[in-house]
Every structure is written in structure tokens, then in C-alpha cells.
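Two complexes are shown next, each including chain A; its partner changes from chain B in the first to chain C in the second.
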Partner chain A sequence: MSGHVKNMCPQLPISQAARTLLSLLLVAAIDSVSAGVVCRKQPCGSSLQISLKLTKLIHKESADLLKTYKVSQGDMSELFCQMSINNVPDPNISGLDPSERMLSIYSHCKAFLPHLKRVTEQQTDLQPPSSSLLSKLSTAQNRTNGLANQINCIYQTLFPNLPIPPEPVDGPTSVPPSQNVFQQKVYGCVVLKRFKEFLSRVTRELRTLKSQVCTRRTTFADTNALS
Partner chain B sequence: MLSLLFLILYIPAVMPSSSQMAGIFPQDPALPIGSTLTATCSVSPDLGLHASSLFWSLNGRRLPSSSYSVLSPTALSVTLPGLPASRQRSGDNLVCHNHGGHVLAGSCLYIGMPPAKPVNLTCWSRNTKDLTCRWAPGGQGETFIKTKYTLKYKLRWYGRERECEEYSAAQPYSCYIPRDLALFTPYEIWVEATNQLGSATSDVITLDILDVVTTDPPSGVSVSRVGDLEDHLSVRWESPPALKDFLFQAKYQIRYRLEDNSDWKVMDDVGNQTSCRLAGLRPGTVYFVQVRCNPVGIYGSRRAGIWSEWSHPTAASTPHSERVLSGSCDSKSGDSNSTLRRELKQFFGWVRNHAYGCGGMSIKLYDQWRVWMQKSHKTRNQVLQGDKS
Partner chain C sequence: GLDRQVRLDADTEAQKLLVTWEDGRASTFDVEILRTELMEIVFNETVVATEDQSTGKHQWNWTSPVPLECTSLSVKVRSRDGQDVSEWSSQQILPGLDLPDNTDSQMYPEGKTVPVGSNMTFCCIVKEGQQFGSLLYKDTLVKETMLSRRTYATTMTNQGPSNPSGTNVVCSDEKKMIITGAVVFVGYPPMPSDLVCETHDLISVDCQWSKGRETYLFGMARQTYYTLNGRNCSKARDSNMRCGLEQWDGNWTLVARNLLGEFRLTDAAELGHRVRPVAPVNLTTPEVYSWNASVGWLWKYNGYERLSLICQVQRTSHSNSSTQTYTGYGLNTVVLKDLQPDEKYNVKVRCGSQKNFWKWGEWSLPLSFQTKMDRPVAPDIWLWMDSDNLGRVLWKVSTTSGYEVTLWSPEENSQQTLTLPQSMYSLPINVTDRWSKVTVTARNPAGVSLPANVVIPRHLPGKNGGKGSGFPLSWVAHANASCGYVVDWYNTSCTHDCNVEWTRVCVSINAFFSFAGNFFAGVRYTFSLYACSSESTVLLERWHGYMQELVPSRTVPRLSPNQEGSDVQLTWDQIPLEHQRGFILGYTVYLTNASHLTLLANITDPQLTNHTVKNLVLGSYKFTVKAYNAAGEDGGATVSISLDPYTYWLIMEILVALGTMTCLLIIITIACYRKRKWVKKAFYPDIPEPKLPGEWGITQGTLDVKPSPHSMVHIVEDSVWDSSKEALVTVPEEDEEGTGDEEADTDEPASLRYYNQVVEEGSSSRGRPHASDSSASSTGSMDSGHTDVTYTGIQTSPDASQCAGGGGYRPQMQSASCPEDPQTGPEEHLQPPVGSFGGYQPQCSWKQDSPEADGGGLDQACLGSPTSVTSSQFLLPYDTSEEGKEHQSSASTWFHNLLTGKP
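Take a look at the complex of A and B:
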């Protein structure tokens, strides 16, 4: 036994490497938590299946929501709901490859949320407090937010090298300025009609995506090759 | 008229289909029931439409052109006499269309009444901790347009006016004040009703929180039989837990009814015990029993409070009466006449008349009969005819 302690590891370089490794890990850890959403790792197929189920639920509820809305606004012919309004998100999903289309679903969900919120605020003034419309609107918002988070997680898992662009704060997707009551009624109808159409498209899209991006043994390592 | 037109065209309203292309005046007005409204639809000359080609609809129904009036090439008015109350809280839809039916502009009409003075304002406190108040809208009870009710309160001798904040969506004309209530000093409480057509204030009520205290129903209500007694039931309960912190006495009341009868019998003089016996009940019957509580003697006063809600009904049944089974003592007809059988028939007849049925059947009873038979044998000639006792 030698009297002095032999330093097996050269100190400076290793500690520097350790530090670098630590910071890399930290950045990677932060990277996988985007917009405060913590994602649980799940197999590709089941994640998309869960999102598909949620989408179907919201879509079904959106039909009832639109019906309830129309009844509570009084006799409104279909004319009102078909008027064109600027700034309300269109229901179409854009993009050529799966990553773009998934991103489009996510950003559309996020885009609809402030409009749903605005309709809820407006209808709170217009409806009696016991109206079922208000609770249905609130449910739609919560569920859509949940769906956006799920899609976010799936996207990060499937396409970890593609960043999600930050949401525009006061961009062109912001809600219209104050409107008179008649405009509010029309606006609400247009938002909810497009929302329903959007969800119908998301349902179809998620089915397609599931077959495209989730092979039977998709592991997280493999999915990198797809992006 | 031209200046009015200018005014309308420059109102910064972003119209759904096109910006500032058409507008209605008045926009979203509130009017009393029965009023006459003249509304004007003004279109921008850029649309290239003539006022005479436009038409109006109200709540989806096209309005007759006899009620229209062309004010100018770009302005068409409609007169609506005697407007009825609004069909929905969000307002009636008055819409200006082009000849093809396309919507140019809309205005939502709020036809209703100013609020009537709210009435029947009553308040109560649960265990002196909080205050719940309830009122009724007054008048016809419905204004047809959105009416806001605000419950306000203040300490009578000092303090600023405060507003109740917790209104229940489930119970529209009530409000809840959860904390910070002073005792031994009067409050003034009232309700203000406001809508677009006017406002009204209820009468002010004055109360001390301790005047209007109620409590929870008694807990642990149990009803049980009293041994074999067929017309008694024993009721036990516990005083509401909240009262044990206070210098209250409690007074109780019991009510009970038959299962298939909706008439309650009330026992009033239960005092402050936590058990009671019900008597004079029907045997073999199910009864429902409820108990309620009144906090009396708040902080030493002799004042009664407000009765609590009744406890959840507790059910119990009285024992069946033995007498009921006596019918089974009837002898069956047919079979050979044996001495034993004849004797038994006589015995049963005697039992029915003398011993009130076969409930206490025993050898002792048989012996009694035997004794009786011997005695009556001696005086048979005199007392043979149906012995009724």
C-alpha cells in the first residue's frame, strides 16, 4: 500500500466534462418540458389513441354545444352562423408531413382557446346564470386545453429535434375588439361552428397519423428517423 | 337626416360581414313592454343597394313591408308597435337583410320591465357564524330582461355599507355572507334590484344575528322498539355538534307518521332531552320519525331561535300484536267427531271469549277451562246460553 493517494482521475478536465454533461442534461430536461407541460412517456400508438378518444368526445360535445348556443340566442337562421368574420381560426389542418400536420393541430387548438374564452365571457352577460350553455363552454375549453397538451407531448416524443414555435401573444389570432350584442351572437356562432368542423378534421387526421407514424414496435429511438 | 346618416356610418362597429357597411339604429336598446320602436337600417352607398330592396326580420320572422318606411336611398326604417316581452334573455333579434336574404346588420332588443321592489327579505344564521338571506322579486316576479340583485348590509350604528358577494346560481334570489359578522349589535339589510329600465330597493330589515340563529338537525337519530311493547317506540338522538361550543340550550321536536300516510303527528314538549318514547302506536306498523332542533337561550337569553331542518327520516316498526294471531285458533270443519275434538272445540271457544285470544296458550289456561267447566256444569241449566264476558 503506497502512502500517498494516487489521483486516478485528472481533476480539472473531468470536472469540466461533468459540468458540461450536467448542463446538457439540464437543458435536455428543460427542453422536454415545454410550456409547463410535463409529458409522461407512453407507447406511440396508445398516446395517439387516447388523443383520438378525447377528440371524439369533444367533437360530440361540440355538436350539442352549438345546438344549445343557437337555442339560447333566439331564432337564428343558419345565415348568422355562416357569416364571414375575420380572425376566427379556420377549421383546416395544414402541412405536408406528419410533423407539420401535428403541429397544425396543436396550434389550432391553442388558437381556438382565446375565442372560446371570449364567447364564454360574452355569454355570461347574455344568459341567465343557470344556463347550461355556460358550463358546456367551460367544459369545451378545458378539454381542448387538455387535447393541446397531449398533442404537444406526442409531438415532442415523436419529433424531439423539431421545436414548437412559441404562441403569439397579441398577434393576428387575437379576439376581436368589443362588439355589440348582435355581433357577439354571430361571432359566437361562427366560432362554435368552425370549432366543431375543426374537431371533425382532427379526428380524421389523428387516425391517419396513427397509421403513419406509429409502427408496431415504434420505440423512441426509432422515431428520430422519421423527422 | 344627412348628419344622422353620417353618424351612423362612422360608428366604429365592426360588422360581421363587412366593416361599417351597414348599421342599425338604435343598437341593442332596452325598452318597456308595450313600447313602439322605430328602427333604421342604414347601408353604405358602396354596397350599391337601394333601401327599398331591403327587408326586416324579428326573431327569424319576416316583418310586413307595410311597416317599413324608406327614409332615403340608403336608409329603411321599420315601426314595431306594442312590443311584447323578450323571448330570451339574450334579446330579440331584429335583422336587416338585402333582397337575397343576406344579413346586413342586426340589433338585439331587450323588452321587459323595470324591477319591482324586492319583497319578503328574510335572513338566518347558522350557529351565529354566517348569514343567509333570501328574498322574492316582487311584482309579477319576472322582468324578462337581465336584472341584477345586490344584497347590501351595514351595522346600524356605525360602519360602512357592504355588499354580499356569494350569490348562488342554484337559488337565484339568495345570498350568503360567510364570515365577519358582529353579534349583539343590529344590522340593516336590504336588496337593490337593477336593470336597464330602472331600479328598485326593498324595505330595510333590522336584525341582530343572535335573533335569527338556526342550527343543524340532530345527528344520530335512531328509533328502536321498547322490548315487546307493541305500541311503543323509543327515539334517541344527539344534539348537533356545533351547539356544544355555544351557551345554547336546545329544544327538540319530534314528528312521526305511518308509512303510507302523509299526516305527521308532532310531539312538541320534548324539552332538551335527547331521547323520547312514542306511545299509543299501532302494532306491527312501520313508522317514519324525524327530529329537529331549536337553539334556545343564546348566551343566556330566553329567546328561541329558528327551528332546524328535520333530520332524515328514520324508520322502525312496532312489534306485531299477539292478538292478531288469535284468528288461527279457529278449528277446521270436517273430520270425525272424537271426544277430544269436541272438547278442544269447546276449549277454544272459551279461550276466545275469556282469555282474549290464543296468545297466552298454556296448560294453565286449559286447567282454568277445566275448572270453569266444572263450575258451569253445576249451573248448566241456568247459564248454557252463550257466555259473554
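Take a look at the complex of A and C:
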């Protein structure tokens, strides 16, 4: 009997999750929390591993993006990138237990998206159309959106009974109103710098979550199977 | 004096200040503008400001060099009439953004677009309470001026073009930390050029121009926008500067506009003068032959049918490329001539308007086709003479599948045809043969080419002997020798930097001519006779000759003997030309005995350079070969040979045969070694582990053992039978326990080992070497009864216990548990050693040759089935269910018999 427990780890939570996911999807359809997100059933470890890989990729690209950004902004960009600006999402991941921290990652991803979009718009007006910065910004937006969806799926699978709140838990950070060109340059730099920091933290966080949550789920499955 | 207040209106974008005041009479005023905070005068001049009739007010515009936001300005006005001035009006203040209630740091102007070379003043308003540090333009520290308590300004002159994202100007505090900044876009107004409009479809217009100077301005607001005849050219971007209109207008105006200015370009033309056809599409080859092909294409627009077109067709083959021009109304098919058969061609087409040619259109996409194969052209052949009478017929290689060479002899009316492959390009010819003409034809799958002929020359160099001081030459008169003959001669053996002499001979003296020169005896000269004509000189005849022949100056080189049984073959080389000193007539071969020469042969063919002396008896011989010419023989080259007896050859043959055999044996050994697994499997397979049938269960009996699926035989060294001991000894099976994590076997009972100590009575073999494997025991234990056999996990059964009779383990007892017919395999059944219990006969179940036996029965019948240590026989039955059992059994029997020395 004991030999079969290993296999039950991914099966049991998923069959449980499937039921709760159905009801959750119903709720989701009503309040459109996760509209358009289709989650594939995957074992806990593998889906987190995929997200981890994606995060590492975006993190690597974000470093390159920041470098390209600075080069594209003209002289002294290194200096004015150190200026502080309000209303840019904070890179810290909050929460005490894994579910809260996971939710924080999700909402941060969502929070960064409008800022990245704004920076892209602003830079479109400041760069030649052939600029690689614009394509990199666009790629970053797409990947972040993908990461947010993946995190959403993992969250729904792991914590089927916890709904995803419609608003980001860390409070909304609205994109700034009209800015002059210099402010735009500084703003973009700060957004990209924080975005990079955030991804670095997500990488660490997902690594921890993988060891914590997946092990915990296995243990949970073990006790279920034995009882 | 001014009776009304001054009013100020600021246009911060344009940095303009509009000053309005009321004073009906005067038209000249003094205006004073100063920075409110530091009371510095910025402007103090007399200006003319006429009264606006409708409002009765005076207005005056002032453009500030410094942005109006930088600091507060105070303005006062007074009227002037010559030297009479009124009272100053009260000061009117335009508040700056550096007032204490506006605490943030700022920089002005921000995001402005200015032309390259312009001057500009930037000001930085530091945050309330913050300390100003420095101002930087691009990455350069610039000198600042203090305008107020919080405002510092700098003026940049002659600004250069900026980056796409603009030039950064920043203001830092005393810790070099940036407080604030601004961006300025410095660029140029647009300046496009070369506007050209044309039509492709004979209806619409396509205009193109070049962008001209870079404006350095990007983004929605700053980029250049173009309009053509008032219509927006939204697609004109980057390097693609073109714009189209639906209809042909005849006149076009392009306006390029950006924040810094606009530029106009115009073009005008008639439609017929600006036709540039599109690229032909759908190229096809309706007809392809060997030497020509037709190429057709389609036009995208119907209007081309009535258009007179001139088209270029470029064809490219692997060897070359050429372009042909064709014309016609709505031209859409052409015939390509002068193609090569079986050749791959690439063609592409472009066209222009024939009448009022404007420009070539774009090339079409290329089309590939291959011409058909045709019979090859006649080969280009030549006859090349590489010596006086040897030559080669050569031909130039072409793409064919082979050649046919025919040799003709018209005199004998005979011919000989040779078929040669494609790779051959020459054929050796001996001009002394009867053939007088050579014909070469090339052949390929499409047919045979026309023949190419070459006549084999007949005028071989003749021989001539000198007379007196010259050579007499005679020849037949030649019809074309209009200007006489030329005779040249040179030393034939000369190879480098030779002295050629010649003489001209009159036409009349054509029958015989003897001419003297500086000729030496023993030197060969070559004479050539040429017929001289107005067109060219023709070689008529050639001679070789000696003024006087001398005996060869050296002997034949490289003379060597070669024994062939009882014969000796002598070979040598020809004497080099310079040493021949006469025409070599042949060779004489002598046998030398002491100083006596015996003539063996006289070879009269100077080309033959070998001779075989036959039927010699054993012994030593000396041969001398001499070449001779008209003057006599040379000194003679001598060579000796000792004929060896044939016995050596016999020994040699035996040795070779032995060597071959040895090699063969080594190869077989290596092959057996490399395939040893197969050999072992085929001739001496592994003893299969005994299998227990399912029916074997735990039964009643005194031995409390559980059946184990394994039946192993352990041979334990050095154990003497002690009759006082129990016959069976159980030991825990420590070695067999796996250390892995599998726990599947935990419910199995612990297996036991049984030591059956079989001892041959009377033999004291303690310390005797002990066979450690079954095969060794089989071969080396004919008389050994000392080695112990360990049974691992032998099943218990009532029969077994009965067999044992309570005294110990005796599976070899003929009992109910061993019901086998003792006649089964009687030959293989060796006599067991005589033991205390009647001998150990585990081979009771040995049934390798019993076809009726089935595996289950065997297993049931044989208890334990170990290998007898005193027997060379296999104790375990073969699994009869296996295929090829019979083959295996017989093979192993044979091998076993071989090992045991049985027939």
C-alpha cells in the first residue's frame, strides 16, 4: 500500500481541486475574476517549476531591458534613474502564509502591467520605430501577463477554497497622470528597476513555495490516503 | 503720467509677455522690467506702442530670453515725449513659479523643440530648503546664474542635434543627487528632395522622394508629416518615402512639415512620359527545345495591351549570362534563340515603355528551365606527335556519354572502330601502322555527332648521311612554294638554348641540294624543309642525319639479369641520344667466359631492349650486351648472374604454406575468442537453475524448511565428513540478503542452506585443491569425492525425508522420490562414489535425451538437482519447454564427451 502513496500525490488534490475549481469557475464567471484564464491540470511541482522558469526568463530579460532603457534615454540616465517616484508598485512580496504570498505575487504582476503599458506608450513617442527597446517592452508585458495567469492557475489548484480577490491585495497603484518628458524618462526607469527587483523576489519566493507547498500537499495526501 | 494700471499677459510656451496699458495720447514709452526678487533690471528701453483705436489701449510684446516661470518679473511703464517723461506706472508683477508656496523643484523650459544652432536658457528652481549644486547639459557641467533665491539659470548656445529621446538637462544638489531635469529636442526642419511621380497601372500616381537631411525629431508631435496635393501621406515613414494618388493630376506638390518648419517640392509630367511597368508575373515556358525556347508571362493590368513595350530578358546558364531586348505591344511572350542543348537556364524579365521610355520596371521573379538534349557537336580533334612515329589523337571533352574512334586505311579498305567512355579524351597512334585517317564521333542519348577527321601524317623523318662537308637533301617540288624553301637544322640532342641555323633555297633548285655547315661527326642533326608561300610556311619534310657515324660513346645503361627458372632474361635501356653517335641498328648479346665472348644473339630491332637466354644449367654466368651502329659496336656492358638451385624454392613454398596455416589458426582463435559467448552458449550452455513447480508445498516431514524458489549449489571447501555430525547443516543465508530497499520479500520465509557433506570413503583429500566451479569440477573431479555440495533452499518433501531415511540428506537414494527409470540415459549415468549412504545420486533425474520428459515432471522428480561433484555429468535437467532443446542437448553431449574423453 505504502508504495502507491507517491502516485496519489498529484491525483488526489487534483480530483479534489477539479470539483472546487468547477464551482470556483462558476463564481469566476460571475464576478469575472479570472476571465479568459484557462488552467491545465498539472502536478503541483511541475506547474511551479514552469512558473519558476518563466520568472527566471523574465528576470533575465528585465535586466537587459533596464540596460537598453538607460542607453536609450540619453546622457546621465544612470543618475536620474536613482530618483524616487511615488505610485510605482513596490517590489516586496507580502503575506505570511504561502497562499497570501502567492496572491501577492499575482496581484503584483497585475499591478505592474498598466505601468509597463504606460512606459511603452511613452517610449513609443521618444524612440525611433525600429528601436529594440519598444519590442523588449512589449515582450515584457506579454510575459508578465502570462506569468500572472500561471500564478493564478497554481493558486486555484493549490488553494481551491480561497477566492482571488478582484482588487490587488497590496492596494492599487494607478498610473501617473500626464508627465513631462523628463518625468516620463525617470518614471520608466523606476518602473523597470522595480520590476526587475520584483522578479528577483518572485524567483526566490517560487523556489521556497515549491519546497513548502508541494511537500505539504504530499504530506496532506499521505494522511488522506492512509485514513 | 499713466493713469491706468499696466496689465500683463504671459505666453509661457513662447516666453512672450504682452504688456497692455491705457494712455490716449503718447506713442513712445519707457518700459522697465526687472526680476522682482533680486531687483535686477532685465529690460529698460524706450519702445513705440501705438494706440489700438477700438480699445484705446497700448500693447507691447516682449520675448523673454529666460522662461517666464523661472522667477517673478516686475514691469512698469511711463510715457515719453522727447525728454518729457511721465511718472512711472505702479509696478505690475508677473509671478514666477519660485514663490514660497510652490515648494517643488522644477526646471524650465521642458520638452521644447528647437532648431539646431539655437540658443536657449534653462532655469532650475530648487525645492524649498534644498541647496543648489550644479547644472548639467548632456553630461557637461555648465556655469549657472542665480536669478532668485531658489532659481538658477544657464544659457546654452549653438545647440547640436539631440538623441531620439531628446537632450537631457539636469539640476543637482550639493550632494550631486539629481533634483530635477528637463528635456529639449534639437533638430532640423524637414528638407526632402527628388520628388518623382510615375504610373504603373496607367491610371494612378505613385510619387517617391528622398527623405533628405535627418531631422533628429521623432514621436507623434515632432516627426515629419507629408502631404501630397493636400492629401496625407500616412504611409510615408522611415526609408519608404512614397505616396500615391488615385488619379493622374499632372502636377504634384509635396509638403513636408514638422514643428520647426515645412518644405515644398513639386513635380509635373504627362502620363505617357512616366510609365514604369510593373514586374511581369507568372513566367512560363510554353515550348522548350534543344536550341531555343519560348518564354511567356502575364501582366497585372489590362492597359498594357495597348502599350508599346520594350523588354529585357536576362538568361543565365552555368557558364554565362546575357540579356536580349524585345519589343511589342503588350509584349508577353518571347522566343529565346541560340540556347545550348541540355543546359539549365534562369530567365527574368523587365520591361519599360518603348515610346517615351522612362524607367525600367522591376525584374520579374526568375524562371528556371532546361533545354532538351540534342546530339552532340563534332568533337574538336588534333593529332599530336610526341615522337617521330608515336602520337596521340586528342579531342576536347564535352558533355557526352562516350566516343567512337574509327581508324581508316583506304589502301587496304579496312577500318577499326573503338568505343571509348566519356572520361577518355585521347588515343595513342603509331604512325608506322597502316592507318591513315582517324575519325572521332561523340555520342549521347540523343544521338551521334558528325564525325571529326584527322589525317595521320605520312612524311616520317628520313635518315640522311653527310657527305664531304655537307648533307645532300632532295625533295619533290611543292606547288605552293611560291617564294622558295627554307631548310633549318639543329643539334637533335640539344634540349636547351639550341642554336638553330637555316638557309633559304631558290625555287629553281628544288631537286637536290647539298649544303655545308659547321657539322660535327657523331652528332645527330635534324633538318626541316618548309615550303614558303605568301600565306604561310608549311613543313614539308624532316630528316635526321649524321655527318659521320661513330661508335657509341657509352654502353647500354641499366643492364640487369633476372632468373626465371632455368632461363635468364636480360633487360637494358636505350643509349641516350647524345651518346648514340649514329643510328643504332641493333644489339649483340654475348656469353663471357674469361676473356672469350660467345655470341648468343644479334638483335636487329633497335627498339627491342631485352633478351632471354634459355635452358641454362646451374652455375655462374657473365653476359655482355653491345649496341652497334654503322660505325661498329660499343665497349659492351657486362653483367653476371649465379643461377640458384630450385630446392630453395621448395623450402620457401613449405614455409609459405606453414605460415598460411598459422595465420588461419590465429584467425580462427581470435574469432572464437571474440564470439566466445556464442560458443559457450552453443557448446556448453549455463546450467539452468532448478525450477520448482507450483505443487511443491510445505509438507509433513521432520525437516522444518520452507521451499525457496532458488535452488543453489554452494561448493564449500575443506570439509571432511564427520559421521558424528548431522548430515544436513543449516546456515542462515546472509549473503543472499539484498541490502536494497525492496521489502517485497519480507513475507518470504527465511531460506536455509544445507551442507551435504559427501565424502568418498577412504580418501584422505584434505588440502587437495578444490574445484570452484561446475565446469572445473566436471573436468577435474573424476576421482574426487571430497568437495562439498551446499544446497540452498532445497524443498522438503515426505519423499525426501524418506529417502534420507532419517540419517541425513541422501537425495541420491533410489526411493519413491526418485521414480525415474534408471535406464534413462544409462550411458551418461556415472557410478557414484561409494558413500556411507549408498552414494549420492542426484543425477537420477538426468534426462537430457528423454524426449518424453516434460519440465514439470522432471522438476518434481528431481530433488534439489545439484551437480554431482564426483561426476562430470550435468545434474540438472534441461527445461524441455525451451525450443531447440534437442540441439542444445546433443551439442552439449558432444562437447561433454569431448571433455570427458568419451567416444
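The rule is short, and it goes like this: the second predicted complex is superposed on the first by the 173 of 227 C-alpha atoms of A that agree within 3 Å, B and C clash if a C-alpha of one lies under 4 Å from a C-alpha of the other, contacts with A are read in each partner's own complex, and residues count from 1 in each chain.
Convention: a contact is a pair of C-beta atoms (placed from the backbone, for glycine too) under 8 Å apart; a residue touches a chain by one contact, two chains touch by 3 or more.
Computed from a prediction, not measured in an experiment: that's the story for all the values here.
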Contacts of A:85 with chain B and chain C, given as first, second, both or neither: first
Touching partner for A:161 - first (chain B), second (chain C), both, neither: neither
Touched partner set for A:130, first chain B, second chain C, both or neither: both
Which superposed partner A:176 touches (first chain B, second chain C, both, neither): first
Touching partner for A:185 - first (chain B), second (chain C), both, neither: both
Comparing the two partners chain B and chain C, which touches a greater set of residues in chain A: B
Common interface residues of chain A - those touching chain B in one complex and chain C in the other: 72-77, 79-80, 83, 123, 125-131, 180-182, 185-186
Chain A residues within the chain C interface of the complex: 72-77, 79-80, 82-83, 123-131, 180-182, 185-186
Chain A-touching residues of chain B, taken from the complex the two chains share: 13-17, 24, 27-28, 59-61, 87-93, 95, 101-103, 105-108, 146, 167, 169-170, 172
Of chain A, residues touching chain B in the complex: 72-77, 79-80, 83-85, 123, 125-131, 176-177, 179-183, 185-187, 190
Chain C residues within the chain A interface of the complex: 107, 110-111, 136, 138-139, 162-168, 170, 172, 177-178, 180-183, 218-221, 237-238
